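Just so it is clear, A, B, C, D and E label the chains in written order, and each chain counts residues from 1 on its own.
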């Protein structure tokens, strides 16, 4: 789907301008044109992008999926790649998916390409629709709005992950299952993926805030600095969450290991308590003590009561001995 | 709560100046105004901050929670974010909470915003109250006093953590419980959080000590250098404490593993000692040796005494064998 | 095997020019000569390379196997080492092998040396063969084509590894074997080897895209920048795959550990259930209760039915007790 | 204790000059004054240090314990913090303690403060006492002597640690105890502490060797470079020792794990050998084979000898089977 | 042992020049003097080195063992420390030992000091002996030859380690012993030591190839660049080998863990199979079923055959149950 917006001060916004008019419109330095390609096949994008006069290598990059945020300065325009991270929760699992947003930023136009709908783009588009003043500060300010909306979109994800960690921490101390561990691993992977998306985007914003580009008004750099700070903060939150997941993994392992130890202790306790008793019963089960044999006196009543006493007292003695060795 | 202090050399300190007078007061370059917002709603902060002429992005940052210490130079004023770390001990656990302090530093005024009471702010405020000379060295010196008090506030926390580690180390060798491990993990997390708060604050102080800002007197840089050194030292202490916690974790695991090994050894020893004896008693319990049968001679007295001797001597032999294999 | 191509605008391509003509041909600045040595013995390479006037140290490097991508600027020519990674799958295992490609790039010639056939070289050669226009942009553009084809050749490998990880992840949760672990280790090693090959190649492309070399047209630098971006992307994919392998290893260990725990629990459960019962049967097997003895009353029917009841009820009680301790 | 030395070429050394004379003495640029405060209370240090005209912040730092080596350039004098590491061995354990040495270096004086006796200081003091020529090269050379003696004092510690590791390595393969592990952890902590003391000191020496200070003769920088090299070497030795301790820890764990495995194998072997035999004896102990019963023929002599044979042959068969599975 | 070579173009090489002539010879700028001290006591080295006019600190460094490769520029001469690594294999173990080579490089002389024979020195010496042309390119070229021979000497070591890893990998899957682990640890330590020797040497060569020294002809820098590349390659090989050792360690642990799991499974299987059977035999061994008692009907033939059937069928059922839980 190709959508376009054309704004010229004092005039109403034109929508869905025919692509053939683009080259003519961008020659008027006072206007502002935004063209958005949403999941559009390569064949229809290519001629339009060529009409803007972009370098073939930049067009190639825009039409392929690259997934690494970057910024190329082509003099008259910038080619920028940003990413948006979707978090899909299938059942109890989390999976991150990075969606690429390609942006061409010229002095009086902005061209955006993406394959799946990106909330940040939709919000900016409808804001422009509702209020043309969003467009009056020029193309670089529009880029700021888009980037700001995209970065703002990470916050709910961070909060969802935070909640998930809290829930898993409770689960660990309550009744840990192998399933808990699976989900911790999934969260860890998710946060790693998020970090790899955030870091290069931070670099792109840093460049926009520091370097001197022909199509960025130096007075607008402060806005990209602001997004940069947001990304620094997100990166910081990501680090904290990774620490939390790491701590939860440690706790899980210690809880499971603990249960294992308790089970081993029980096994040993049972064996220690019953093996001597079983030997004792075996002893008096031998055929030496047959009623007709000569050792008949070994199986008389006093011996039996002594044996019975041993059977009852021995476990207590062993229990005390194990207690002193701090096993139970 | 909004509080304010106005100092003009030779005159008594004015307190709680009406906010409407702020713009007028800061026009007099000889005075010094300190405005403090303590847990004040956004609606009442906003017009006052706008009255100072701060940039909308800086005001935005100040009114939102950011939690990452930073320093933005806006020419006529600096926007600084510092953090203070509370340590809350709920039961035996420790939890760190970072409190944000936003500061606007102008040539002759300082504006501070925070949501919870920060001891460093309170101390500086009452010091100014008691002794107006604290205010006579200008706004940048007042910033130094505030930062110095905040940084000094970390020391008791560090000492509390140090004591907690000592106590846990004793516990580990005395009678380690899963609870000990939990608390070690909590301390580890606390120190990680502390480190993430200290590092960017150190950077802020480094900038104040090195860079050339319009609102900082170059002769006062040496004071920020001093706070920087304190933060370096705190970071160093933090590293040492993290090493100690890491060592305590290692010790815990080795102690627990050791007990486990001892338990397994006992299980094996008991099994090794009693299994052959149990077999022996079973052997002579077979019905081959019935008094009426033909193998009656197997259950005569000499055999019995031999068996008895075996039962007593065998464990000693096995004990010696196990000892030689250095099991017990 | 020595192959050569000579292109002079307006004339048909000459193939397999005799080596003795090389020095003469490269004196004509308008032509373009490509000489390719494929698994050629040192003795036949040496005189030809000396005929180009290369420095002895550069020739030494080209004739030895070095395996570390690098770029040396010798003024009139560049000496470049690139690598290509083969992945050989013997049975279910993967093994990486790096193949070295040495390149001398002059203003109007390119000399390539390698020991095994490299697909990227073959593709570029046949493209030049089919369409002489590939050659008309000069030697540096030809270098770009070769490097582009080599880098493109990594993509199928990356996809194969991706599939292998997916398959192993399924295997882990289905029926993990030690074999699964072996293959995960092999994949990990493969990705480590790939990373060590990609990183220095990225640096070579970065130098070609940034530095000022006499034999590279500054307008062509943008093409090497493009390959650099591809290598950045490959490195990024490699990082992701390494995270996935790391996660799969963690999952494997947790699955195996889990099974182990289940087995230990069963061992303990069986021991706990049967040891007391075995003791009980042993108790009544003692010769105190011989029919002719005085304790005959202990083996009457009521006691037997009580014992039988104990034998049936006891396991249920223990089962409930173990359940309450969340063992089973 | 306050000690002082005053050297003026051609005159005998004056000792224990009254503190009130210090300001007068340092006005004579030809002399050299060394004042040493050894565990002196703050009240008596403060006025003397103020008499030298040091900045209040520097005096504050000198009178507090900081423990992080650093160098502050105050123009007319340098404020330097060095550390000395004591290793205290209580029983078999090692504990590191860092002692702080504060130094003020002026053009013709040096002031040193410390709380515990530092061998490096004592040696330099007595060298000055014995041979006034030590003092004739100026204050910066005296600083070099002190620093050199302090750094030389680390070597015996390094050697003691080296010996301790050797001894522990023997112990690990001979008869490892949990105590061995404790001592390895203690050594690890000690080396970590040492590293944290060495690194910033190296930086201080690097600054003295490279930067341009008013009170350091550029020709003397080479001496600080020499100490820097010594510290590089100590850091290198520290790294090697940490590798050795890491290797010893790995060995310990593998040795202990190995013993554990051997014990588990024995447990399993015993269980595997005796369980079937015990079952067999139980089988013929059942009351089905009572002499008066109908199955009397099962307990005749031939069956007994067969059973006896089974009891003797079975363990051999199982032993061979376990051997083939490479368990024992 | 002190050896010396003196070369003056057009004249035969003079050998073992008396040390007293050295100062005179090096005044003639056209000659080239090489003095080599091999395990010579300090007393005899000192006066000769002082005769060359070296700085006392440099002489101190040369006569002490330092073991950290470095390069000091003293203007008229360079002081260089290189290392050579011996690998000693005592039995199946490997141990690395670093041998230090101190070099003074002047415009027309080179002085080398070492304690054990270094193959690289011996080879260069005999090459000079055989062919005086080795000496005609000046002292810096001679340094290149020595360094080249030393670096070339690492290659056989690397190959020996590679073979050892291959052999250990086979051993791991065949029949791993604790001894295998010991050797893997030894290899790991060896590679760590090698890495610590290679890295600073690489830095020394980098400095020789890049920096501007009075005694190095700028045209000869390319040769040191070549050695630098060799060291880069060795470092790369070292990294690969460390990956391999790391992988082998992982494999060892997984193989051993696997065997342990198999043993535990067998223990559990045996216990699960025989415990119920032993209980059953115990049940019918109780004296309730005495031939003279009232429960005589429980030990009749049909019950016996039923018991016998249970004894034979039960293990099969349990086997199937364990199989379904994927234990065996």
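Convention: contacts are C-beta pairs under 8 Å (C-beta built on N, C-alpha and C of every residue); 3 or more make two chains touch, one makes a residue touch a chain.
All values reported here derive from a predicted model rather than from experimental measurement.
Among the remaining chains, those touching subunit A and also subunit E are C. Common neighbours of subunit C and subunit E (chains touching each): not present. For the touching copies subunit A and subunit B, the fraction of interface residue numbers used by both falls below half; the interface is of the different-residue type. For the copy pair subunit D and subunit E, the superposing rotation over Cα atoms measures out at 70 degrees to the nearest 5.
Averaged C-alpha coordinates give centres for subunit A and subunit C that are 25 Å from one another. Averaged Cα coordinates give subunit B a centre that lies 41 Å from the centre of subunit C. Shared contact sites, meaning residues of subunit C that touch two or more other chains, fall at 264, 267, 271, 278, 282, 285-287, 290-292. Listing the chains around the ring, anchored at subunit A and oriented toward subunit C, produces A, C, E, D, B.
On the side of subunit A, the complex with subunit B involves touching residues 222-223, 225-226, 229, 232-233, 236, 239-240, 243-244, 247, 250-251, 254-255, 257-258, 261, 264-265, 267-268, 271-272, 275-276, 278-279, 282-283, 285-288, 290-295, 325-327. Across the complex, subunit C is touched by residues 55, 57, 60-61, 66-68, 70, 72, 175, 178, 181-182, 185, 188-189, 192-193, 196, 256, 259-260, 262-264, 266-267, 270-271, 274, 277-278, 281-282, 284-287, 289-292, 299-301, 303-304, 307, 311 of subunit A.
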